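The next part holds the structures, each set out as structure tokens.
Here come two complexes built around subunit A, the first alongside subunit B, the second alongside subunit C.
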Partner chain A sequence: MTLPTAVFPLAVTAFGAIAVLLLDAFGKRDSKTPLAVLSLMILAASAVLAGRLWGRSAFGFGGLMRLDDAAILVSMIVLLAAAFTVLLGWQWNRRLDAAFGEFYGLLLLAAAGLMIMAQTADLLVVFLGLEVFSVSAYGLTGLKRNDDKASEAAVKYFLIGSFAGAFMVFGLAILFGLNESFGITQTAACLGTGLPAQLGFGFLLAGLGFKLALVPFHMWAPDVYEGAPTPIAGFFSIAPKAAGFLVLSRLVAAVPKDVWKGLPIFPFLYAVAAATLIIGNLAALRQKNLKRLLAYSSISHAGTMLIAVLAGDGASLLFYLAVYLFMGLGAFAALTAMSAPGREYVHLDDFAGAGFRYPWIGAIFTVLLLSLAGFPPTGGFLAKFLVFSAGVRAGLVPLVVLGVVTSLIAVAYYLRVIVAMYMRDPAPGVDIEAENPPALLVLFLGLVGVLQLGLFPANILHFIRQAAASIF
Partner chain B sequence: MDASWLIPLAPGLSAFLLIIFGRSLSRRLVTWLACGSVAVAFSFSLLSALRLRAAAGSVPYPARILLSWIRAGDFRADISFRFDPLAAVMVLVVTGVGLLIHVYSTGYMAREKGYARYFAALNLFTFSMLILVLASNFILMFVGWEGVGLCSYLLIGFWFEKPAAAKAGMKAFLVNRIGDAGFLLGILVLLFAVGSAEFSAVDQAVSGGAIAKSTATLAALLLFAGATGKSAQIPLHVWLPDAMEGPTPVSALIHAATMVTAGVYMVARMNALYAFSGTAAGVVAAVGAFTAVFAATIALVQNDIKRILAYSTISQLGYMFLGCGVGAYAAGIFHLVTHAFFKSLLFLAAGSVMHALSGELDIRRMGGLRHRLPLTYTAFLIGTLAIAGIPLFSGFFSKDAILSAAYAGGHRLLWAAGLLGAVLTAFYMFRLVFLAFHGGERTTPEVRDRIHESPSSMTVPLLILSGLAAMAGWIGIPAVLGEKADLLRRFLAPVIPVIRTPHAGSSSEWFLILTATSAAGLGLGLAWLFYQRWPGLPARFAAWCPGLHKILLKSYGVDEIYQAVLVRPLVGASELTYRRFDLGLIDGAVNGAGAATRFAGRLAASLQTGRIKDYALGFLLGTTIFLAWILL
Partner chain C sequence: MTALVVSFAVFGFLALVMLSVNAALGPRRRSNPAQQTRFECGSPELQEGIRPFPVKFSLVAFLFLLLDVEAAFYFPWALILREIKGPALAAMIFYTAILAAGLAYAWAKGAFDWD
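Entry: the complex of A and B
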């Protein structure tokens, strides 16, 4: 056999991306719908190919590619996030004044980059994937070329992103110099050896922390979310997290348990998690712009996920990611569904009374917000609960207490949105168009996902535990 | 057939229908749906309770697993109900009192435009409360626990046009969340120590010695933190008085009869854990006794009829915790039941007064209402006699059960506090009665012309509750009056072992009954002296020690202290984060967009504002901190 099966899912997405870009460049310019359909088909094909490898841990390119169950699960999350984003962008791209075919091509490419990150045990390949994602992400952020905020966000993202990339390369160089390997296992093995290894790892973490929007590497996130098209912001809130946290947990899992807590990295990550929880939630408290609010919310969720990483509990991390896919993207779907042609409604005041005007959208959005706030019996509650109980088991009690307390603060800002929707009279002059069937579909799927994972998590948890066992 | 698991179904279904279709349904249909669903739940409760009584003692109470929820290795939680005597008592109160209040609401809220929204929330509340009391494990209980909090919030803020109402709702919610954080941590501790969240597993671990005393104490105290939030005990009592901004039937159902008693229920449910810990039980008793007196003193000087009742509720909840804390869990539940009757009666009667007086709340502008609202007056008087502990009315028996248990257990100080609270209770309640219903009319003429007795949908529930408030004490007659008369305690015995309830001897029992009666009489007499005989006396007292009067009026300034110590720093921190990390960016963007339209120009502008540099700086800072960390 010439090509290993492990490459197929990635290859389909990557070549699909190029095909979509070419079709857009040379095809008819007036309708982008065929591109959306094609993108969905490509994502579905990739998911099917990845799913067929479940439980078999395929390898490729001399071990550079590692398609274990965790990688497959995270790839599924990325692919599903991309599919949701395609659906959310559907209507947005049908309007001629806003249509950009690059949307689909770049999105697929970004997904491919994240899949590369997830499907390897080699840090250089991780970096490669990260850059593939980043370059596409800069383009996606600045898609609205005529919009000042979008261009500004793209430039900011690009500059800080390059900065982060440089840090990461520097870290990789140090680590490679130490043990002449980019393999995660070898790298992790040298972590206890001394200062240079710690330094290299620190730089590497700074680079990863940027993509995961962990404090203090988070500042780009609100600006970028605000400037980027709403569907893309939704994609950014989950997909890079899935891939990045998998890489991080692979690194952590490869360090022997007794060494791990003695490393200076551990208290550093501990502090980062605490700062992320505090800053993310406090800053969100003041937001009136829902995109910025969701940006800070996603930062705070990253803080919670980091607790799972520190606890070394892959299962609760993966479950959290799966739940966040539905509730996070679902919330962005609600924003998309309530926007009008040529204008996005993202201010809190725009949502006044929306719960009465659009009872279904309002009700689903409410459930999603409650899930984000961690209310039982939604998936958001269960995800938090599993992470916290893993944290307690791993002896991270102060961090868990902080997590519980900050999630208490979080309720205040999620609730404000619900209050605006149900406890205020509709704002005059806001003409929201809620006729967006593909976005409504995503919204509905978000609801189903959140309830399914909250009420009937047994089957999915079974798969997730299997995946977590394969992290290392 | 065991139908207990069907109890929550009807209210849940009705809530769902009302949420989705409520606005397009006719009022008539909404009424029938809302009240009918609770009536169905009540019938199921009654049937199940009777069945339980028939089979008393013969079976352990198995948890009925409706749905296997989470099974992840060592961690397991199911959606499962357990219908035992304790749950039976609770569901009867929730659906029974709930039904009466639903019916009352159809009259009270008849002219509201949010009629369907109101009943949707009320049904959802009933559903969540039933989940809370039927749950067989902590995780599911927490689902109900959060659910009732959410509905309470929605209903307090029902008149959201009123800023005070919206604010009160938010306050209730946030204060409750503080308690909930403790509750959740308590669950995590138990889960960690016992390996299961099932109540039965916790009980087994306690009786089998599988849990260390210190761990048990920690878990019990954390859980109690949740109870202080939900049941408005010190230090988390501040939300309940403000919660009176909600519609009065809501105050009756949620903030008197059911939700606020969830904490008491939880402690009684976990009686084995609290008894084992000892320390935790002591804390529960002390907090309860202190709250009972503390809140009663505040109620002495308030002038808002609903606020008086709110502080009274806090105080009475304190009694329930006092009962549980001294080991008389059955007495705590007994008081919970009688309180549900007489306090919801008082609230509904107060609502009837407000209804008649076009929304007047200030008792200084009432007076002489007994002639104009005879029915309401009778109901309110019965409620007052019950809460003040006048013999033969329900509150007398339940309060006596708690006080005699405290005395018999050797907690003389707690007993004395309870007795003091009883004097205060009788005083402030009769003050309310004398000021509002007796004496000269102080209502304004235009209000006076429109005074009318309430419609029958409101008075019939008042009548039924009056009967219950007067007679309910007979389910818990003290042992000295009849060997087998204590029905409730014997009914609860399988869940709350009688051994844990200390008994006083026959002679001291009589002594206790006498002291309790004199306490009530003393309070009543003082109120009569102050507000009937010499009406100038209260003003002279207030002038005599103005400082004390002012402190009481301000509820000891707890709100102000929290504002200064907790709220302002938090808001400040958020403000700081906002300014440091956010505001500058918006300014930068706005300035940028305004100053230059061309991309390059704007890029330069935003570079000049230094924002990107700031980001990079933040990035660098983080890494530097890390470097410093490992170098030092």
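Entry: the complex of A and C
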């Protein structure tokens, strides 16, 4: 029995997760640093194994596993997000009473689940991966066991997530009844055949939409981001989006282009994108808690990514995900750095004057916020530009106009944070413990990534085009 | 496919009919303070509702689930073991090892210490 090489990156992450959990249980040591180092090594090994398969489109388990370039790229994004999260949690966990070995074990399991989602062309396996991610995510959300908000968030996430999972299975059952296959190609081929197929696809999209936090399935996101440990909230803001949007664009790419726009599901997705852009941005305007603000911001970014999916443009979607990895997680790194033993500072008022008191955090956070808002010369601008021009080429002009207008609204709430940091008197009682090298490293890497992708995107775009060509 | 549409329509219609008939024919609901009590039998209550019980029972339920799903997987495996032999045995040993790791984790974390 020979094992296909396509399994190795996933296997390393999954068994690494089990090893970390067992080491934590039997090690009985107070310091969690060895676990963090081991997790980083596992993630790096998995990334190397995945990278070596670039350009070869490996398959495994009778085609159930499909490690094409797009899957490799998204796996890389997920692994990098997990590695950043490990670095962010390193010190933060000890300060905020969340120093459990499960942080690393469950994080690796969640990453493995998302890799399963990305590395398949079979919807049942997608569901399997989604559940592996979700079950780990519920645990990660409630990690601060003595915190009421964390427990509330975990229960909410669990109930709504299970509900969404049931929706998805129902949709899959209908689709399987119609064409006796879970394959994405076969499923997409039967979409034009009538109402039941549309219904099944609709349920499937509702399930996926919950996980991607698309409006109207977004209600859980702000509460979960607020209750979850800050590094984990950063992981939630990018990793599930990368895997979920890849699945979605695989589905869309498998539908013939001329059929796609005639399907009743197209206006449904169109409306979801419009609602996500509007509600995500308008709700963010009212937030004073930066974790909730970033939650709504990530919802609105999901709306922009949905434009790329609707336009059927894989390259701009993957580029957007790559940029969002750096600016989203970078912003959460800034929030993570603003902590002291026993408390963290995530309210807008806590950031008053922070730009002068903590110049490095303030300056980098400013660049990342400008990137989130879409100012040139950052990666955020180029990503939005690529998505919007793809949208115009695909004839989605009203949606693109809405996207541009809501981006302008978004500038208001991002700038409000910058204004607070540089134009208000320092807040009394804010006293962070600045010695947090791993979190500052992530912050710095976020800055590098955002500028690299904004100023010299050619190399990366080359890889991303190659990956997008392999989506289908 | 039309059968699917028709069955959806029929079931939806039936559900609507049952609900509306119930509302039309049923007695009008009148509120009574006795209805608001925890026990609707009219006698005054002797104690406060159900007493809280240890949350540890939920852990037992989880561990039961771990081994229960395992059993559900063993049955179809046993049926085809004679046909596939070696690889099937290897796969199941592998699977059981993962489950055993889960059990060992729970044990080491003190899931079986009741106090």
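The rule is short, and it goes like this: the second predicted complex is superposed on the first by the 465 of 472 C-alpha atoms of A that agree within 3 Å, B and C clash if a C-alpha of one lies under 4 Å from a C-alpha of the other, contacts with A are read in each partner's own complex, and residues count from 1 in each chain.
Keep in mind that, in the parts below, contacts are C-beta pairs under 8 Å (C-beta built on N, C-alpha and C of every residue); 3 or more make two chains touch, one makes a residue touch a chain.
This structure is a prediction, so every number in the text was calculated from the model and none was measured.
Look at A:455: by the touch rule set out above, it reaches subunit B but stays clear of subunit C.
Once the two complexes are laid over each other on the shared chain, residue contacts for A:33 go to neither subunit B nor subunit C.
When the two structures are aligned on the shared chain, A:195 is found in touch with subunit B and with subunit C. In the superposed model, A:25 makes contact with subunit C only, not with subunit B. With both structures placed on the common chain, the touch criterion links A:178 to subunit C but leaves subunit B unconnected.
Note on subunit A: of its two partners subunit C and subunit B, the one contacting more of its residues is B. By the touch criterion defined above, A:285 lies against subunit B but remains apart from subunit C after alignment on the C-alpha atoms of chain A. Judged by the document's definition of touching, subunit A residues 195, 199 lie at the interface with subunit B and also at the interface with subunit C.
If you check the complex, the residues on subunit B that touch subunit A are 19-20, 23, 67-73, 75, 79, 139, 142-143, 146-147, 150, 153, 157, 160, 166, 170, 173-174, 177-178, 180-181, 184-185, 188-189, 191-192, 570, 573-575, 577-578, 581-582, 585, 589, 592-593, 597, 599, 602-603, 606, 611-612, 614-616, 618-619, 621-623, 626-627, 629-631.
Residues 1, 18, 21-22, 25-26, 174, 177-178, 193-196, 199 of subunit A are the ones that touch subunit C when the two sit in their complex. Put simply, subunit A touches subunit B in their complex at residues 148-149, 151-152, 155-156, 159-160, 163-164, 167, 195, 198-199, 202-203, 205-206, 209-210, 215-217, 219-220, 222-223, 264, 267-268, 272, 279, 282-283, 285-287, 292, 315, 356, 359-360, 363, 370, 375-377, 381-382, 385-386, 388-389, 392-393, 400-401, 404-405, 408-409, 411-412, 415, 419, 423-424, 455-458, 461, 465. Within the complex formed with subunit A, the residues of subunit C that make contact are 1, 4-5, 8, 87, 90, 98, 101, 104-105, 108-109.
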